[in-house]
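Look at the two complexes coming up: subunit A is in both, with subunit B in one and subunit C in the other.
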Partner chain A sequence: MTKNRHYPTYFLFGTLLLYVVLYLLPGILGIGYSFTDWTAYSDQVHFLGYDHMFDNYVKAFSDAKYFGYLGNTLLFTFVTTIVKNGVGLALAVLLTKQVKLLNFHRAVLYIPAVLSALIVGMIFKSILNPAQGLLNSTLKIFGIKGLKWLTDPKIAFWSVMGVDIWKGMGYIMTIFIAGILSISPTYYEAAQIDGASGWQQFRAITLPMLAPTMTVTTVLNVIYGLRVFDMVYALTNGGPGFATEVLYTGIYKEFGFGRYAMGTTLSSIMFVFMALIGFFLIRAMNRNEVEE
Partner chain B sequence: MKKTLALLLTVLMLLPLAACAQPAPAAEEAPAAAATQAPAATEAPAKQDITLTFMASQDWVQDAELALAEKFTQETGIKVDYQIVPSDQYPNLLQTKLNSGECTDIFCSQAGRFDIVTTLNVAKNAVDLSAESWVSTMEATAAAEVTADGKVYGQPMQDTSAVWAIAYNKKIFTDLGLAIPKNWAEFTAVCDAVLASGVTPIYEPVSDGWHQVLWFAELGAAYDKAEPGLVDALNTNTKKFVDSAIMKTAIDQIKEMADKGYWGDNYMADVYADQAAKMASGEYAMSLANQGLPQQVADLNAGLTADDIGFFVMPIADNQMLNVNPVGPTRFVYSGSKNIDAAKQYLAFLAQPENLQYMVDNVPKFQNLPFSGITPKYAGTVKEFYDMYAEKGTVLQTSVKYVNPQWMEIGKEIVSVIQGTEDDVTMLGNIDKNRADQATAAQDAAW
Partner chain C sequence: MATKKRLQRIGVNVLAWTLSLLLIMPLVLILINSFKTSQEAAQMSLRLPSVLQLENFKTVIERGKLGVTFLNSLTYSVFSVLLCTLTSAMAAFVLSRNRSKANKIVYFLIVLGMAMPINFIALMKVMQTLDIINKRIGIILLYAAIQTPFNVFLIYSFVGKIPKDIDEAAIIDGCSPLQLFFSIIVPLIKPVLVTVMVLTFLNTWNEYILPLYFLGSSDKWPMTLAVYNFFGMYYRDWNLVCADIVLTSLPVIIVYLLGQKYIVSGMTAGAVKG
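Up next is the complex of A and B:
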């Protein structure tokens, strides 16, 4: 309501319109379609009726198959978030020290993040081939019998997570490097004068000062983990059997089978789920920051 | 004034959106071919500046077809852009493209009188090709599987006379004193003997996702023989897969092969593209293949001739019937294509007798194509195999509705059974569930 604001309100309209048309409307329509019987086999789309409007949701939650997908998605999110944050932070701390060829090391670690997940998937599919793959062939030279990385159901999902961590940690590292570089060196100088050890400096200065950065990386990782699709698709396509199936490969398959209503139902569940997790995560982490 | 400016800006910002909705004419992308400058023969038709997009699963498009595509481009100026998709991803991708209305000018899919209606919805997604001149040269059995409501929609692209059977290395069998097994017990005895000799009995490429399903689905006629009326009962939904004891037996025997090491140690990562090379290397004694394999093997190993590879039917569930399937990968013209006439022209070109003959002569795994006017090249060993079995029957994926569309899904179910994360009853139950889902969506009165 102040007179001296910089821009008039209607400057917002263009952006708002684009946002509504491109994001909000398809999202709401998607949720709407989850209450219908929409499939590829019929031109007609019918509302399921008030008595049966949640049928698709009931089916989604009563089918053990989808629970398996959900479990895998959560496991993937949990593991990759923790490891990417941990390794990313460790690398960031290392690569903000006086290291030879500093930018070269940073670049090498960041490069996988630029590559397409599909290409990384294809390359690792070949590297992890149990018979002719580079990894097992190398292990063989040292007399070690390699594992069936992508074809043993007990290991496959961990291999997928491993490849994803390899690809994603450079990106997280870069964010942490930016965070660390923004911490004023005076804190460290003061701590050194007081005789603080490296670990003490890390625990008492770096870590607390990085809390806002940590919020960002965690939210990014969690949202990415919940939405993971391309890496699983390229490496295992949900196999062996259904061992590495995640929610988004499941949704993709529903659309592939022409079961649009079920696909939109699963997408809607994911949307609510991610909105809730994102909301509480940011709130919880912001509260911690204030307390500190 | 300010408001008008803002409105104008908004309209400008929205313009690109409208532009997105305008499909770019495909012709624009095709560079003006130098061919237009070529000294045209007087009778040559005017060359067209069109690029046809063509989508197929891995292994469906042969080098000989690519050579024909080049010849077609030289004759007409129309280019064909082949997009080959890994086979484990193809069915989903094709359905997604068809369902989103963004398919290529020509797409390939497995045909079948039920599936082209229920899965491909050809009446909506494909162009009626009934009026094309090559339609009358198609074999009746093959034509029936690409026809819906009396209209022909597809053009078969592979040899449908071929049968998926167990190809075996005759030299290994002779050295070990083995005879062709006639039932499951004899088959396991043969596999045990081969295994004991240090050779892996069977090359089974599970990695592609589709090959292992053949062991189960190709035996439709054997199931129907063991449980008379089964196929009809499945189509009228009066019986379910899970009710069939013979199918459970088949699944259990497939698992037994993997468990006993008949498929070797690396079957989960083995690929179909290596099949001929693996058989030629002598590391494996058998593989489930069609009748093109012997020639491919002979081409790779000078020490073997095509007649050194013989065939026998899969003795799973004691089957002794020849499993025939007049259906195979098929070309369709997409109804939403901007280049329907050019696509039809390309299919007509491929169906010219000299081009069909070129395919038969140059693709080792093709013995014949389902069109008249071709000289087939059946090898002695293949004739011998076809004559060995008096009884013939159609495979499950063609005789029973809603099986073929979930082929890749069945592949995953089989892997789950083999790896012990699922049992035979759960697997067959899941197939029933998927069939019911599809039948309900297709508003099939029997469900």
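Up next is the complex of A and C:
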């Protein structure tokens, strides 16, 4: 094979070594460990036995606490995906219009996305502070009584999602801008000659032409949402109680308590879930490549 | 008609400014408060400081051990950028050029990693076995590993756009695979390599989950984790916390402003055809 001679397989070794040992192997090992009683308190790890091998999984789906993590993760994913797509698209439409200093605005809206989630979390811990925070003191000027944004169990999770949307929408906007700019202007020219209004042009041209882009932003948002950790950890660390606990912060807590088998079970549930989603991501992205 | 258009144009400009100001406000808040005294910063407001407290930054650098943590972050970022860019580029090149059945499967498995969660607990076991837990080299290898899927994906699609005739000409001239890659291909894929480097740098700089799990000793912590720890100790002195945030974010803002073009092209690659 001349191909193998000019494009030798040893070029792959570095990547394969890193990826297989530190990424793939833990995922697969983790599934194995989910059938055991592994904890930090014993050197020995025992298989749970064929009759009980799914005990950890049964617990993950029946225990209200763990089920709550799962529910929160899905709620987070659902809400942030929809809002980031909606707001991101609206911003992209706005910033492809005749706005002065276009690049300045685009750059500013993107800045939150390059900051560390940990830092964004700290900033918003200050802003959302019920007593001294900027948000409540601003609301006070208008005579509105502020809320306990991060400590009231009923609204804490919504605050977390709000901050996450603030951080992430610029990224989604940037992708939509690229999508809108790739639409041929001739469509709009033709529509204008026919007397279509701005809204009609958006409905009939922009939206359908952006469908492939929307698929990708949706998949990106879903993957991000299911794996979210940073923002929750930095803002509330799952509290108050378990009100804002998501899967990844839950796994970190299990790790902290030394309940390794349970943690790795929760990870494995995600592993299977995400493998399916990853499959669709690759298909969506490959479709774009084919159309090039 | 003309006035309507003009009004519309003013409208979108006003809207754009309002949104930009709203989004940048939290960051301005941090910047302003980093120059205040502790008493002034207790009420986190947008009021300007009465006197600029430049010594806040000095205090933070000393008490927050920013020198050490800056070097840690720099070490992790630079080495994982170099390692991951090199391995990903070599792999992506071969995977893109030689699309044999085996290579297609390898590519698919690697790219699937973009969506896969990391099993941190099992990873701990692997790292213990390899004796790289709680070590700098371990964190560097991890950062390189977790960013491999996206980087391979980006470079792969870029290599696909380079005509194969170039390779053939080089091979006829007697280039070895390594010569072909380093002296012919690398210069041609430089834009995507810069994108990969900038993104890997930013991600590594901002990330803090891996050190949280795998770096027990605080002398190895990167800046982000140190600033969070600092926040836990000095939460009454928001002026200092703000100064710490400013100094920790400065490198990413600078890299962002310098590499904006490359970041945007990388972030939108694959998402938009063309």
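In the analysis below, the second predicted complex is superposed on the first by the 255 of 292 C-alpha atoms of A that agree within 3 Å, B and C clash if a C-alpha of one lies under 4 Å from a C-alpha of the other, contacts with A are read in each partner's own complex, and residues count from 1 in each chain.
Convention: a residue touches a chain if its C-beta (ideal position, glycine included) is under 8 Å from a C-beta of that chain, and two chains touch if they have at least 3 such contacts.
None of these values were measured; they are calculated from a predicted model.
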Subunit B or subunit C: which reaches more residues on subunit A? C
Which superposed partner A:Asn237 touches (first subunit B, second subunit C, both, neither): first
After the superposition on A, what does A:Tyr260 contact: first (subunit B), second (subunit C), both or neither? both
Just subunit B (first), just subunit C (second), both, or neither: which does A:Val58 touch? neither
Kindly classify A:Val21 by the partners it touches after superposition: subunit B alone (first), subunit C alone (second), both, or neither? both
Given the touch rule stated above, what does A:Met270 touch, subunit B (first), subunit C (second), both, or neither? second
Touch test for A:Ile144: subunit B only (first), subunit C only (second), both, or neither? neither
Applying the document's definition of touch, where does A:Asn129 land relative to subunit B and subunit C: first, second, both, or neither? both
Identify the partner contact of A:Phe11: answer first if only subunit B is touched, second if only subunit C is, both if each is, neither if none is. both
Residues of subunit A that lie at the interface with subunit B and also at the interface with subunit C: 8, 11, 14, 18, 21, 129, 252, 255, 260
For subunit A, which residues are in contact with subunit C within the complex? 3-9, 11-12, 14-16, 18-19, 21-27, 29-30, 33, 91, 94-95, 97-100, 104-105, 107-112, 114-119, 122-124, 126-127, 129, 132-134, 137, 166, 170-171, 174-175, 178-179, 182, 212-213, 216-217, 220, 223, 226-227, 229-230, 234, 248, 251-252, 254-255, 260, 263-264, 267-268, 270-271, 274-275, 277-279, 281-282, 285, 288-289, 291-292
Listed in rising order, subunit C residues that touch subunit A in their complex are 9, 12-13, 15-17, 19-20, 23-27, 29-30, 42-46, 83-84, 86-88, 90-91, 93-95, 97-98, 100, 103, 106, 108-127, 130, 141-142, 144-146, 148-149, 152-153, 157, 160, 167, 171, 177, 180-181, 202, 205-209, 212-213, 224-225, 227-228, 231, 238, 241, 245, 248-249, 252-253, 256-257, 260, 263-264, 267-268, 270-274
In the complex formed with subunit A, which residues of subunit B make contact? 2-3, 6, 9-10, 13-14, 17, 88-89, 91-93, 95-96, 98-99, 118-119, 121, 124, 207, 209, 266, 268-270, 405-406, 412-413, 415-416, 419, 421-422, 437-438, 441-443
For the complex, give me every residue of subunit A touching subunit B. 8, 10-11, 13-14, 17-18, 21, 39-43, 129-131, 148, 150-153, 233, 237-243, 252-253, 255-260
